[in-house]
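Note that subunit A is present in both complexes that follow, paired respectively with subunit B and with subunit C.
Let's turn to the complex of A and B:
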């Protein structure tokens, strides 16, 4: 790629010496770079086609992506040399800046794609499918609701807590001294835990911070009989999992948000380049 | 009480296995933006095209001169061949489109090729002046020298010295003039004066202003447009010399002879002396003062008839003029003819344009004092001295320097013209204002 860039520079220098007046893009050298730039932009847009039809035997996706990145780098000098360092009119200036934004957003995306997956693996151990986060979050909420209902029902019925191990099919009965701590648990759940579990991406909630959640559950453990601590452990795990989902949402947006800029602008660029080429053929 | 379990089986049921068949929100956004954004851009760019305004497709701003037709692309973008409009998708600009509004005389019949108008006068660059043609356009032919011209590839480094100085030529003028003497404190018509350059040398535009040492005033029509409008107008005796150098021929006469050909002067003298004799009938009987006898061997005896007196007076006056007064400045050929006949006065041969292939605007250099460029003038005593500044003088300002971007123009167009305007012909415009402006 470095070699191609050097060749492009050499061609530009030679062509520029033979150019005296007017827009460089319309000269022989300028048109050469224009055609090359157009071909590169079309090639870059073909990546989406390659992704749409993965079964086509037209090279590995990885190879396409590498070519997309490296030829994307080459597009910068080719387009700049085509302009001859003069932006010109509204269409050509808009096309140029759009091209630069697309390339810049592409490199931001490539950088993110390089670092973020590793970071996500480290920071989101309970990662799930992004499009299923709402569904998983609903399941977590239902699980938490179930846990609390179970505790309440048991306590209200007999004043005795019954821990049932589903896996082994055994049950252990424990005595309770008072219902007051369970009221406290219910209150905390309804007012603090449940809203956090119900709202996706509740980054402003204190429970989004692990230290705050730990403090809360530590206080609850002081209040609640030891036999029920196992429920608190489950609730704490659910909160932890919810926090992971929120973190995953946030990181996913960072990881893929650039595509909302890159892809539409790339299509826009393709259209503008076609209009630019047609108008050049018509008026040049 | 049920303990939460996290088994693989349970986790496996968490996901909807058909989730990929539905479009996620981000994917939908991407689709809408991918369709909407290009659509908005195209509509925005091409909105004016159906109405005939394709300026949004323009590759750059129009030059200042053509800005007023910037939205009327078809004024220039009309493909014509031999005057016939070609129906085509392409709308290229041909020379014919330019020549509908402009006259552009050819350069040289021997030029290697004739470039298209637009190749030198490049449009859509926002140029403030389309006449500012890049030097490369000229250099592509002139870098190897063309005909009598030396190779030129850049100014000033690769530009030869001006021909008049390079070849060591001398001023061909025959009218003697000593610049050094005239720039000293000298005797004027009313006492001593210190002359300035502008007392004699002015451009056509300044000839209307008062001439301090002239017998006549008024503008000068000799300056030709497009050729030497910026040069100094040719000198004339009446305007530049007469105030000090009057052509007096007789102390008895108040007026001087006209600065004309000898036969005109002769007729003038005869008429003046006849008039004098008519006013002084006895004058022919008086002896001639010795001081007026030129040469001294001439007889001072009184004339025997009025006709003889008249002939002698005219002869004395002419001898004074031919042998002394006129000779001060002019080269006079007395030949072998009798002294009674008028001698031949050499043509003045005053050079009005020193560099016929270049233009110069004195007005543009008005901030400078004359001697800063014409450095040899104050010391010049010889008429044949050529006092045109060297190219090195020009290069003091008109020079590209890597150290400084601020320099005076160095383009060829600054001094030279491609089009031979001497071949200019009357031009008849064909367009109306409405046609040009599209109103």
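Let's turn to the complex of A and C:
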């Protein structure tokens, strides 16, 4: 790639020496870079086609991706040499800047795709399939509702709570003199925990911060009898998992969100380049 | 001839006269004076084991009435507080070693011991219970043996020996450890017990109880009387007691011509025996692969074919030379025209009945016919019946041996003369689940063909046992030992109810001498098997086993791993997989994680391929490189899919061309279900998922190499 860049510079220097003033794009050298730039932009757009048909045996996707990245870099000097450092008319200027934005967004994307997967692996230990997040979240909510319902039912029935101790596989019974702590648990669940669990990507919720959630559960543990801490542990784990899902959603959007800029602009650039080429040939 | 004079005696103040030689127990019984007993029955020799029938004869100690002969002038007291006290003591001692309520008491409430305990107010024993349980023997299909409930009264032993003359049951052990035992202390199912049921009928407690086939009920509208059943030649020699106890477990059904008896892939629990008429047995599922591609036509398809150049439409390693398809019947079906006919005296559906595998083929009445449908306890008893076995064996030798041997491609060239020579010489052997057919290190003395069931082939290695293969009907084993050093190199264990055809070493060697091409093919196949086994053995021996055991990765031969540090979760791998396989993916980008690698849900080509156990038509197998191959005659029953512990086999629907001539319902093009699993995109140079990954994150690897090197910090080594 470096060699190609050196060759491009050499061609530009030689061609530029023959044309001291004026627009460069319409000269022989300029046209050469224009054709190269056009070909490169068409090639870059073909990557999306390649991805649409992954089974086609037309070169490994990895090769295409590498070529996309490296030729993307080469596109910068080629396009700049094509302009001869003069932007010309509005269409030319628009095309040039759009090209630079597309390349810049590509840089951002490549950088994100380089670092984000590792970050995601580290920060989202309970990762799931992105399309399944809503479903998993629904299951978590149902599980939490079930836990609270059990607490309410047994507490309301006799003031005696009976919970299964999962670790020991035994039942633990405890007498409760007052239902007040359980009212508090229900209230906290309905007003704070449940809304957090029910809303996907509730980043503004204080419970999205682990420290806040820890504080809340610490307070609840002080209020609620020890035997019911199993339920609190479960609820805390559910919140932790929900936080993971939210974090995954956010990171996934970051990881792929740049494509919403890059891809449409790339298509737009292709159209502009075609228009630019036709008009340039017409008025040559 | 001089007769002994009658003897007069007094029992409970009543003067009675009985023939000489009569026991006190019988004398009392004849005069309606009840004496309680547990160990004694009228049709068995008295042994005075329980001592419950003690009576006062004026002697120094109480006598057991069942063995005490009458004497002139004998005065007997059968009931007094002292006698009751002794009897209660006996019952308390027995109850101390008897679960309350026992199985019989739970089911029918007529455990004799517990009945006496209630009468004598001895339900709670003063004596401590046994600390160590005596256990149960669940191996028989008809009878449950609960040693804990046994009071060692010996009624079963005498019933087996004196009433039935089978001599299977006896006592084993000494003192407190004594139990009843079968043959040489074998399990009841593995012994020579013919399940006549006499012991069960004799048992006073829940130690021997009738096992009904739980959850299985046949339509009683078709049930037959025991006498009618016994009149059939097929039930000759079968115990009437057993049939009485299992009424409704065998029914007679009539089918009109063209009526379907069952369809392939159906689940069932019964076997059928043809009494009259003929039935057609066939595989109606069209052959074909889920990814069968049409030949390209039109410019668009031609272009597509250029862009997606599948190298071949045939699966690599497929059994192209397959002549026959093995099914659960005494016949094999021709690969090209999978239909055959069964005649009166034929038994079909054995594997489904005994091991609950799906039906392997569709059966349709070829003419009006009458069949017996039976549950597994009846079939088991029939299988143990010498007359029935002999009849089945004879039929097998006459009709099935030839196609069975020829169904193994290597033996397809055997001449009819040689098969004729083998016909009377082969042995048909049955093995119960878990029973060893041959063991590693034994002398090699025979060659085996699997006739029914599944055989697990294992080889011992330091620290464990390596499963080399699962063999089903149509497979063979034992040739390596015969061709090599005369010693078994692996063990072969029956996974379920297995029947094998045993060809003695002498006949085997004769066959090799007469047919050099078979000798050559067999030697090649044997060498290939040994090399594969050696290769796998090396792999297992050279990896840090413990690291992988927890995640089951040791069992895999090829994993699809995704490097999560590189994977951008773009799902191009999933899309490529779906595109390669008609729009349905065979991989899920989810699964367990090992370090930074995600082991995707996709076929692992397991070393211990549990998916192979249970295929009723032997359509799933390993090819030479140990990959899992699903043959094109898969009937879509889903047994392999259920067998895969990792959820990597899916049932997929796809359209195939119809096939006229066999089943009316399968003439037109139709949607059929077939099992699918990752086939490593065998028709491409590289799996599509790996090929389509833009970030070099997806790899198909050998876990033993890949992770071992990763753990030793040498970096991953991809296959």
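Heads up, the rule we're going with is that the second predicted complex is superposed on the first by the 268 of 284 C-alpha atoms of A that agree within 3 Å, B and C clash if a C-alpha of one lies under 4 Å from a C-alpha of the other, contacts with A are read in each partner's own complex, and residues count from 1 in each chain.
Here is the rule we use: a residue touches a chain if its C-beta (ideal position, glycine included) is under 8 Å from a C-beta of that chain, and two chains touch if they have at least 3 such contacts.
Values in this document were obtained by computation on a predicted structure and should not be read as measured data.
Student: After the subunit A overlay, clash or fit between subunit B and subunit C?
Tutor: fit
Student: One more residue to check, A:260. First (subunit B), second (subunit C), both or neither?
Tutor: A:260 contacts subunit B only, not subunit C.
Student: Tell me the contact category for A:129 with respect to subunit B and subunit C: first, second, both or neither.
Tutor: both
Student: Touch test for A:29: subunit B only (first), subunit C only (second), both, or neither?
Tutor: In the superposed model, A:29 contacts neither subunit B nor subunit C.
Student: By residue count, is subunit A touched more by subunit B or by subunit C?
Tutor: B
Student: Return first, second, both or neither, reflecting whether A:37 touches subunit B, subunit C, both chains, or no partner chain.
Tutor: The answer is neither, since A:37 touches no partner chain.
Student: Going by the contact rule set out at the top, does A:65 touch subunit B (first), subunit C (second), both, or neither?
Tutor: In the superposition, A:65 touches subunit C alone.
Student: Please indicate which partner A:106 is in contact with in the superposed arrangement: first for subunit B, second for subunit C, both, or neither.
Tutor: neither
Student: Check whether A:282 is in contact with subunit B, with subunit C, with both or with neither, and answer first, second, both or neither.
Tutor: first
Student: Taking the superposition as given, does A:117 touch the first partner, subunit B, the second, subunit C, both, or neither?
Tutor: Only subunit C; A:117 stays clear of subunit B.
Student: Put down the vertex angle at subunit A formed with subunit B and subunit C, C-alpha centres only, nearest 10°.
Tutor: 150
Student: Pick out the closest CA atoms of subunit B and subunit C after fitting on chain A and give their distance in Å.
Tutor: Once the two complexes are overlaid, subunit B and subunit C approach no closer than 8 Å between C-alpha atoms.
Student: Would you tell me the residues on subunit A in contact with subunit B in one complex that are also in contact with subunit C in the other?
Tutor: Of subunit A, residues 128-130, 256 contact subunit B in one complex and subunit C in the other.
Student: Would you mind writing out the residues of subunit A in touch with subunit B in their complex?
Tutor: Residues in contact with subunit B: 19-23, 25-26, 86, 88-92, 94, 128-132, 135-136, 139, 143, 146-147, 150-151, 154, 161-167, 228, 230-231, 234, 237-238, 256, 259-260, 263-265, 267-268, 270-272, 275, 279-284.
Student: Where on subunit B does subunit A make contact in their complex?
Tutor: By the definition above, subunit B touches subunit A via 1-6, 14-16, 19-20, 22, 24, 26, 29-30, 33-38, 41-42, 45-46, 54-61, 73, 77, 89-93, 118-125, 133-137, 140.
Student: If we count contacts the way the header does, which residues on subunit C are in touch with subunit A in the complex?
Tutor: Subunit C reaches subunit A through residues 307-309, 564-570, 572, 575-576, 579-580, 588-590, 596, 684-685, 688, 691-697.
Student: For subunit A, which residues are in contact with subunit C within the complex?
Tutor: Subunit A reaches subunit C through residues 51, 53-58, 60-62, 64-65, 113, 116-118, 120-121, 128-130, 252, 255-256.
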